[in-house]
Amino acid sequence: MVQKNRLKRSDFIFIESGEAFQPFQYSVGKEGSRFFTELRDHKKFFGLKCPSCKKVYVPPRKVCGPCFKTMEEWVEVGPMGTLSAFTILRFPFIDPETGEKKPVPYGYAFILLDGASTQFQHFLKVDPDWPPTIGIRVKPVFAENRQGKLSDILHFEAA
Amino acid sequence: MEPVAIIGVGQTVFGSNRKDQTYADLVYEATTAALADAELTIDHIDNIVTASNDFFDGRTISSMAVGDACGAAFGNGKSISTVEGDGSFAALYGFSRILSGSYETTLVIAHSKSSEGDLRLLTNAFFDPLTERSLGLDWVSAAALQARVFLKEKNISNIQCGNVVVKNRASGAKNPKAHVRKPLTIDEALRSPLLSAPLKETDVCPSSDGAAALILAKESFARKKSPHPIWIRGMGLCADAPFGERNLAESKALRLAAQKAYQMAGIDQPTKQIDVVELSEQFSYQELLWMEELNYQNSSRVNLSGGCLSAHAWIVSGLARMIEASLQLRGQASNQAANVKRALAHGQYGLCGQSHSVWVLEN
Amino acid sequence: MKRTAIVGCGQTDHNGNRFDVTGVELIQEAVSRALQDAELTLDDIDGVVIGNMDHFEGINGVELWSISGNGGILKPTIKLTTGGTTGSTLAIGGYHLTASGLFNKLLVIGWEKNSESDTTGAITTAFDPVWDRLVFAGAISGLAVEASAYMRKFGVTEKDAARAVVRDRKHAVKNPHAHLRREVTLDEVLRAPLLSDPIKALDICPRTDGACAVIFANEDYAEKICPKPAWVLGAANRHPYAYLGDVEWYPLKSLDLAAKELYAKLGIKEPLKEINLMELYTPYSFANLSWIEALGLAKPGEGAKLIWDGVTDAGGALPINLSGGVLSTNPIGATGLIRAAECAHQIMGRAGERQAEGVKKALSTGFGGCFWSDILIYGSEKPS
């Protein structure tokens, strides 16, 4: 039989982990580094093309999973794309990147950049006068000060 | 038990900071090396077991990043699972997947890039958050406590520990995959600065970036396809009580794991019957402690690869030991012994070797 | 190679915050109940397999940290972890390890104490730190995107999805282990606050503290331990995709491929007729429509019809989630294993008030990672 807890929450002691966190320096690898360099320096998107199935992967990575082939052919994709799926985030949660509550609401989009076979994820600018629908054309808005990371793009918006 | 064979092995070079590679890249390198070694292609592999650790990789479900790189998505995809722990534990699960009759060929792959995180914090997270963590313990200070009690109880000198370092570093110098390839004199070992008494810098293994892959196959497949099958004759796995709740001067878990493996392989005089031993010694004293629990006395036949004191990637190490033992049995090791017919490989995980695996392999 | 079965299961009192116990004690609660169910003691067990998601509790090496509660001291102890699929991956592991003959009686444990961290924050760390984390917002955001694509493709409505919530929550009332045991109406589901379009508060699973332990035994022991063991007939899985952007939105490809592989292996042609009961890891309402299409129960876009027709309700031709499913209880690392335990108890005839009649074949799934799926099928008859 399932029994209810007889003691109240206030009867128990809790220990907080405090500000403890694990700092990391993530490697982006050769392929990722090229992508972010192009994005930072030229506001361009690049993917890698599989020699076997011809799919163009963004983010670029060394190997096409389904073919298990090394990819070496760079292809420029975007910057325009098509909205392939999206949602609007409305609930608050702790952003593990900052430790702060992430500001909501925000549009969360999967974008098929022109010429790419996989979707690129980013923020979607949501305008009350412009309700997004799957299939619309979108374009990136870049940050002034780009550092070679995903936030070099501020968001995507209707083209 | 039906025989299962190791039919392919692959390792990356182990290094201190492979910045140019993501850990998925390391996995791809080791996987393709193992396939080439087995003279197979990815379509011969019918299932995969990966080994990883979310803390060391700095993300939850870190295995997600390596699926494509180890061939799990090939064609219509393959059945895959992930062990968190030493790579040799993943090998046990891979081994059982073949024995279960569900699969014929298992790829076992392990990776880690501890250079990306802070090892002191990562290993501090092994301790209980309520009772131990705030004491600031990490893997080295915990081992220092173990070294202290073991050395005292067995009356072992600094020089004996130093000799282990000298021996393994000399072997590591011959191993092109090793991380530390510089031999060392006993004087240098003894004069090395203290890290956490009684452990000196040279008593501690490096923490390397790297990956290793092993291909296991059922007997019929191995006999037909493999140019150099190595047979698994015995295996044992055993875990002990937590760090603060056991006698650190001994390892009952390793003793039991060895008993099980010896029993399966029909071994009653390990020193006589086993030609080479590859041990997971994160610290010099551990080689002496593990040898004692394995009841193996011939130190000149231990860690001919250079052991963990020459190359040690977390999660990968036990699998690397199985690979080095297999290479000895194939006559292809960097520091080859003569007439190797039976080898032992050992993996460990947790603080001060809380959990151990023992493998007996034959050619 | 040995036939293998589930011979005992134990679940904790799952709820939103088990502040009355530590993680180790929570694990122990499930273990002792499983041992009791199988009428075994820890001495009978020859190995332990455990899983959870490390960053949810912030403990590295959980299998070794919790060893005093998980029963693994001086035994082989293995940790398996694959994210949301952890629980089903554990069940598949239990099956392989006992079928190998290396283990005869194996204790398999899944657990999570979600209350100890911010679940959405923790799930977000599951995705690539460089490429995915900036915009990703935990399980809800990925699922909301899947739902939006499914609705768009087939004209499925929020009301269709709500009907599946009503079903699972009604079933949960009869499950003493369920976390949420209050029935909800269609209206309540439709009027719940919007979290991430089109997912509302009642469309999504809760955050639960809980553990589940399952004992697997091979043919040398199973029938001696349990009069009606739940034989494992087979398992399959697919864990594709390295980044979320690689996901193809319909059908759930991992489940489609894993189900096809397992059905072919077991000679199952019409799952709707040949399987008597399912426990599905459907963490949100729309999954109960779309993913049963991947399982071959309905044609593309027609999953909702099966739900409205009551086929999957208690007493229907193929009851789904008689436990109340994941929409009622979700201790993540345990969730997939609870599905296995519920199928097993149904076959053993130990499902209490939620017992279905004549369960000969049951199916459980696991879901997680990057739209990954695991699947197992169990039978009341010892396989030949």
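Chains: A, B and C, in written order; residue numbering restarts at 1 for each.
As a working rule, a residue touches a chain if its C-beta (ideal position, glycine included) is under 8 Å from a C-beta of that chain, and two chains touch if they have at least 3 such contacts.
Small disclaimer: the values here were computed from a predicted structure and weren't measured.
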| item | value |
| --- | --- |
| Chain ID, smallest distance between chain and overall C-alpha centroids | C |
| Which of A-B and A-C has more C-beta pairs touching across its chains | A-C |
| Centroid distance [mean C-alpha coordinates] between chain C and chain B, Å | 33 |
| Distance from the mean Cα position of chain B to that of chain A, given in whole angstrom | 36 |
| Chain A and chain C: spacing of chain centres that average the CA atoms, whole Å | 28 |
| Touching two or more other chains - residue numbers and ranges from chain B | 24, 55, 58, 67-69, 72-73, 122, 125, 129-130 |
| Residues of chain A whose C-beta touches two or more other chains | 17, 20, 24, 26, 28, 32, 61, 65 |
| Chain C residues counted as touching two or more neighbouring chains | 58, 122, 125, 129, 240-242 |
| Residues of chain C defined as touching chain A within the complex | 13, 15, 17-20, 58, 118, 120-122, 124-125, 129-138, 140-141, 144-149, 152, 176-177, 194-199, 240-247, 249 |
| Complex contact set, residues of chain B against chain A | 18-25, 28, 42, 55, 58, 67-69, 71-75, 113, 115-118, 121-122, 125, 129-130 |
| Footprint of chain C on chain A - complex, ascending | 1-3, 5, 7, 9, 12, 14, 17, 20, 24, 26, 28, 32, 57-59, 61, 65, 84-91, 93-97, 102, 106, 108-110, 118-123, 134, 149-151 |
| Contacting residues of chain C [partner chain B, same complex] | 1-2, 22, 47-48, 53-56, 58-61, 63-65, 67-68, 72-83, 89, 92-93, 95-97, 99-103, 122-123, 125-129, 234-242, 254, 257, 368-370 |
| Complex contact set, residues of chain B against chain C | 1-2, 24, 53-55, 58-61, 63-65, 67-69, 72-73, 76-85, 89, 92-93, 95-102, 122-123, 125-126, 128-130, 235-242, 245, 252-253, 256, 349-351, 354-355 |
